[in-house]
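Naming follows writing order (A, B, C and D), and every chain is counted from residue 1.
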Amino acid sequence: MRIGVLTGGGDCPGLNAVIRSVVRTAATQYGSEVIGFRDGWRGLLEDRSTPLDVAAVDGLLTRGGTTLGSARVAPEKLDAGLDTMRRTLDRHGVDVLVPIGGEGTLTAAHLLSEAGVPVVGVPKTIDNDIDGTDLTFGFDTAVSIATDLIDRLHTTAESHQRVLLVEVMGRHAGWIALHAGLAAGAHLTLVPEEPFDVDDVVRLVTERFARGDSHVIGVVAEGAHPLPGQMAFREGGVDEFGHRRFTGVAQQLGEELERRTGKEVRATVLGHVQRGGTPTSFDRVLATRFGLHAAIAAHEGHRGQMVALRGTDIDLVPLARAVARLKTVPASRLRELHAFTG
Amino acid sequence: MRIGVLTGGGDCPGLNAVIRSVVRTAATQYGSEVIGFRDGWRGLLEDRSTPLDVAAVDGLLTRGGTTLGSARVAPEKLDAGLDTMRRTLDRHGVDVLVPIGGEGTLTAAHLLSEAGVPVVGVPKTIDNDIDGTDLTFGFDTAVSIATDLIDRLHTTAESHQRVLLVEVMGRHAGWIALHAGLAAGAHLTLVPEEPFDVDDVVRLVTERFARGDSHVIGVVAEGAHPLPGQMAFREGGVDEFGHRRFTGVAQQLGEELERRTGKEVRATVLGHVQRGGTPTSFDRVLATRFGLHAAIAAHEGHRGQMVALRGTDIDLVPLARAVARLKTVPASRLRELHAFTG
Amino acid sequence: MRIGVLTGGGDCPGLNAVIRSVVRTAATQYGSEVIGFRDGWRGLLEDRSTPLDVAAVDGLLTRGGTTLGSARVAPEKLDAGLDTMRRTLDRHGVDVLVPIGGEGTLTAAHLLSEAGVPVVGVPKTIDNDIDGTDLTFGFDTAVSIATDLIDRLHTTAESHQRVLLVEVMGRHAGWIALHAGLAAGAHLTLVPEEPFDVDDVVRLVTERFARGDSHVIGVVAEGAHPLPGQMAFREGGVDEFGHRRFTGVAQQLGEELERRTGKEVRATVLGHVQRGGTPTSFDRVLATRFGLHAAIAAHEGHRGQMVALRGTDIDLVPLARAVARLKTVPASRLRELHAFTG
Amino acid sequence: MRIGVLTGGGDCPGLNAVIRSVVRTAATQYGSEVIGFRDGWRGLLEDRSTPLDVAAVDGLLTRGGTTLGSARVAPEKLDAGLDTMRRTLDRHGVDVLVPIGGEGTLTAAHLLSEAGVPVVGVPKTIDNDIDGTDLTFGFDTAVSIATDLIDRLHTTAESHQRVLLVEVMGRHAGWIALHAGLAAGAHLTLVPEEPFDVDDVVRLVTERFARGDSHVIGVVAEGAHPLPGQMAFREGGVDEFGHRRFTGVAQQLGEELERRTGKEVRATVLGHVQRGGTPTSFDRVLATRFGLHAAIAAHEGHRGQMVALRGTDIDLVPLARAVARLKTVPASRLRELHAFTG
């Protein structure tokens, strides 16, 4: 059998570990071949590929990024290119395609699958917002990096009696903010799922200092936003891929808080450092198991599915389900969070 | 309401985070009080306690160890002390006891519960071998530390063309070895669940060097052991608490391999460093959620139960179930592991 | 003897380690007392203090920030407050004052010393720009954090074929950029000591991609700036303490590069995370030795001096020398850097 | 010009960074070629080599180990092989040899140099015991790893009221123990330079617990040993390379302490994890500067010298001086250490 692999979308620790695992499983368990397509769907659109054998993936387990490269392709280009991509796959004798990617990549994978291309997907999202799987690789690494950095900010905020707002990733879902906020003991965590009331935030800050607390650490998902009409909030709009644009919410809120509380406020945007570098052990295991089970599924004839974590098992779920809706933080988890606010 | 808390058994990153979470939840969500008993069951046997309010648990989220102390108590002493412990609880007006501990602690908790003491348990085990919960806090930290250290050993083994055997925790269950072995890309992983065949290990080492590979990294759970009769293996026996004793299996296997393959072999025992220090973000979140839900369960009248992770939810499971058997690595996970051996 | 201690200026990992070391040395080696003044010079101006004994500094070695707090005070307020500060010291029976701080704090210390107050200073600067000492604590931690984060950005830049500009601390001196640039293998490092030629930077970026390199990592000190007249560069000016203001140079240069090279460019500002959290082992040792030798110097009657690292020894240098000029990166070190550009 | 490079002795983080730096400097600054010899002196004895260009050293900056391999060769073999090695160098047209290694490697380098071979050495020692240089790369990484791990052990010792003895590297010199002991706040640090008095250690342990302290952390260099006649201490003797053999001093002392104090004592040997993996930023900068200046010295005609750190500068010192004696911890640094004992 011949398996095609590609990686789409933004960077995510564990992509290389999935590639390695697919290649090793195909080669050592089934004697199959793997071909990698470069720069996401572009590799199929422009027919750029590279053979992947066990030697080629040596050392990839611990390395961040993706050795196949990645690029964002606008949805309409994908729609228009379905036939081209199918021809590329045929030309290379690919029996099953294993696209590793996020919402956009899996939506395209679903389209290809509906059009008859044999596909087994692997979900990838730093933000943990793909439905149908308990968790995705990269998320634990992002939370871990954010937590380490927020741990560092605590002592500075404490020594200088400041409010520190840390903006973490999460445009549509607040998973990173939720976990990093709990893990780092933030006094306030703002997520896109629940518009924040600026008056409440002002009150929380004022009350903490009033009762002698030395500082306030707030974790703010980049997609968080105030209740309509508050703070003269500047919206970022939506980009060509349908992604919410950067609003600098922490900076905007920081200026408002400084104005209204008289306290020194600093906003820090963690940005790209959350996406790169070696994966945590958790993500390496998850990525390795995803790759292993994707290769097994490919060989066992499953199609139109995606690997997924359910409890401690790796299962298959239909691509259709995975792309039907975004997995946001449910109300029960927000209630947990509120128990640690203030 | 008044909640009693104690921590039992060996050290485990996240214990303090659970204590903090129980105290904060009880205080801020229910206006309840918490009293901590010192050094595990000994605190109940000898009536040594300390009040725990929100100020007392400040800063505990990130700190390893347990501010309440811990001590191992022989099972027969616990049996004999049931009445004493119950009297201590009565004396302090404790409505529910929340013991945080491993197999031994939860067995005692189950006994107390059967004897009518209101108990909500929190499972704790570095080794991840408590049944009824997907995972326990501390395990991710242990795997993470082991993986970081094995990453470091790779380059030395490679530069000096050595076999390096790394002994990790896991006397009865190989979870840490399984995960660290996968995460660090070990060429060989030995677990207690599956006695190893020394001839196979010799063959794997010989074949790797024969085909030009520079080194071999083996991860060995401390409870791993060879097939009966092989290697003149010296068993460690069982200690007073029923725990399998240290056998130095990596050292024993290393000497055998050096003798039979002629290669330079080094054995490293990671030991206590796997148990201490600040928890990973994953374990801080899990410990915090365990503490939160234990406090909620205590207030909602659940008894004889233990909090447990099921998928992404925190559930309750009967203590009886948790202590009925040890959770060892199932055959399906061992098959996954074998795909990455060699 | 009675020693007064205060910490001034911005946060810096190792401040607490110095405090602990002064207190332990004074108490255990000389039987002396230590009193801490809160929030830098403000503690002397407003007479806010706290006694510091060995128990009070327990656990401070590994903790970031400063338990005494810190605050910036405008130079003219310090000048006007000399008598007030002297009276506070007399009121508390302080025999020697040990101010721990940067250029501003040491300048004030020098004034006090000239006015007859017994002073032994400890230099503190994240930026490593205090003259008279080889290195200062906090610098290694800042470089270490920056290097870890740039390591992470490498893989993302590589996978997405980007130019990544990382802005690190250093308004007047480029030490952090120099060291982090060398340590992280940056292809380009820009420092305040040497205005950069935008045309050269454009050429370097273009040439790297032209010869097939996958990405460019540039490390930019926040005080770096282009040759006069280039890029329509917006200067930040100078704040009330005489400190150069934030210009967002990485962001400005990034926009220029994107415009002129057509490549995707991202700018990341590391910011406060470089200043906080637990010090590296290097900085803990240096801070501990600084505190030890400051306490020894205080007891041996040295005055108007500051502790300093010279090779592997801790020496004393006159405060007058330390504040006479800023220690910037010399030409020889810039030449070293240029060998690794491109 | 053609430069030969080899790496000798035990593993040390930064070896690859030196190789990369020599190659890049030679290629980009002088247009020279570099050839690498494999497995230390063996590469010269058995004529095994590999060309090293800029592409070959890509990515080496951050990687532990040595891409050239290393092996220990007994001194008498080196003596006998001088002519063979010289012929190998001639055969490959090597103008200058740059051996990177410790005491053994530099002694051989000195012999070669005396015999007329053009040599510029680079000192390498985890233990920091080479004379003539303030510091060597690898040392900071070893101290940093040891400190991180001892930080972790603190909380376990505290929670379980134990004595924890941590054995670190340092057979002849106690630099790692000195720095890690200071950095991790050990209550006791034992080094080879000063035989310890077991009675004093027993007293320190007893007194700490007597005054209510929760635990004792001792850092023990592997070459530490008791006063003659104490503890029935089993010496390890000396191996074929003249190196002191492993005595398991922490384990031996631990058993003695347990017997005499009645406290629970655990001994942990950190071992090889101190030697491997990515270098700290400090060591990356030092290794890079060593390689740069070795290449410059080679091109400027310096011979029989070794690069060395003096303050913040890289200097040259005669190989003869570097190998004349071992650099042990001086009395002044031991006095500093004693201020933090107990």
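Keep in mind that, in the parts below, a contact is a pair of C-beta atoms (placed from the backbone, for glycine too) under 8 Å apart; a residue touches a chain by one contact, two chains touch by 3 or more.
All of these numbers come straight from a predicted model, not from anything done at the bench.
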Partner chains that subunit A and subunit C have in common: none
Centroid-based (C-alpha) most distant chain relative to subunit D: A
Centre-to-centre distance between subunit D and subunit B (centres being mean Cα positions), rounded to whole Å: 35
Chain centre separation in whole Å, for subunit C relative to subunit B (CA means): 42
Separation of subunit C from subunit D, taking each centre as the mean of its C-alpha atoms, in whole Å: 30
Residue list for subunit B, restricted to those that touch at least two other chains: 151
Every chain pair meeting the contact rule: A-B, A-C, B-D, C-D
Residue numbers on subunit A that touch subunit B, as the complex places them: 21, 24-25, 28-29, 61-62, 134-135, 140, 143-144, 146-148, 151, 179-180, 182-185, 280-282, 284-285, 288-289, 292, 310-312, 336, 339-340, 342
Contact footprint of subunit B on subunit D as seen in their complex: 10-11, 15, 63-67, 69-71, 145, 149, 151-156, 158-161, 164, 266, 268-273, 275-277
